[in-house]
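Labels run A, B and C following the written order; every chain starts at residue 1.
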């Protein structure tokens, strides 16, 4: 058991690092159950359309007709702050979101520069996002 | 020796994470020996041009005149699945491939959104790709 | 204390991985004190404008009117070379730098493909960049 602490820390960091990548794949698949599973039920999301609860965010996402055919969320490495053994961490992630094939007339592809600022919490061994703030850095 | 397991796991994850970055640099340098060294000899590659053995893939790559002057494979963080102590892992990597300076008349630069789905295996302490599936997500 | 070595290595790799992300945020905020804090005082920077000392590099950065309104440095995962327990490492990082809103007439947005080749050194437990070479791979 003597290597538990180091191993646990390494595994924690991996889980945190994977969170963003799992989000990218869930969002690109428009699988909102999978998106929801990355957040705690009481999570708050400050998005580009204002602040909302997880429930409202997922419902809006499910019910809004997509403005483009597909997307690709390409994330940089997250900047992770996690004390060894702590149950809370922050992730600061730069991402480029490619939106391909606009569904509305006159629309084209667009590229968004986005920054995700997440507070992530471990509850019952399960790391999930408790608060996400999304900042739009640029759009072309 | 008591910290071997944790250290080994951390080192394994690093090797896996570096695989994609080594691929990017080898591909951009058009160094197909270096590309080949990232795969097991019996690897199968399901690429944008169909499925092939490593040998065929490398031969085709070597013999096809490049369609552009240079490339840059910018990879996101891989989504890694590796059990502690296992000899097999999967990597799911988003990448943006910039192709610069088309060599054919009328061609321009292009940007490709690519997803690499790799099965990676450790043989004799050596982690290499055993199967790669490449998906094109977008091209502009 | 038996897990110290593994834990230390994992923490070292995290610090190295975070260096680039901290650079990206400092550069995008045009916070040159924060940029400077990532380098040793005697660091040498071989940039796109030639080789310079850290001091000269920071002074030039502070005194040059920005050619665009904002930037976003989106970095891929660094390729890290670090022996367990060593005090020196190399980082090889691919990045895409988005420059948004040209401040000069006739200018537009531009996208740069950049590669950072860093020699990083630990002094008094503090990992910082001792030498950076910046290569421009493409510009559109």
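Miscellaneous remarks
As a working rule, a contact is a pair of C-beta atoms (placed from the backbone, for glycine too) under 8 Å apart; a residue touches a chain by one contact, two chains touch by 3 or more.
Everything numeric here is computed off the predicted structure, so don't read it as measured data.
Superposition of subunit A on subunit C using C-alpha atoms only gives a rotation of 120 degrees, nearest 5.
Of all residue numbers seen at the subunit B-subunit C contact, under half occur in both copies; the interface is built from largely non-matching residues.
Mean C-alpha positions place subunit B and subunit C at a centre distance of 25 Å. Within subunit B, residues 2-4, 6-7, 10, 74, 76-78, 96 each touch two or more of the remaining chains. Against subunit A, the residues of subunit C that register as touching in their complex are 2-4, 6-7, 10-11, 14, 17-18, 20-22, 24-25, 28, 70, 72-78, 96, 98, 100, 109. Every residue of subunit A that touches subunit C in the complex is listed here, in rising order: 2-7, 9-10, 13, 74, 76-80, 84, 92, 94-96, 113, 137-138, 140.
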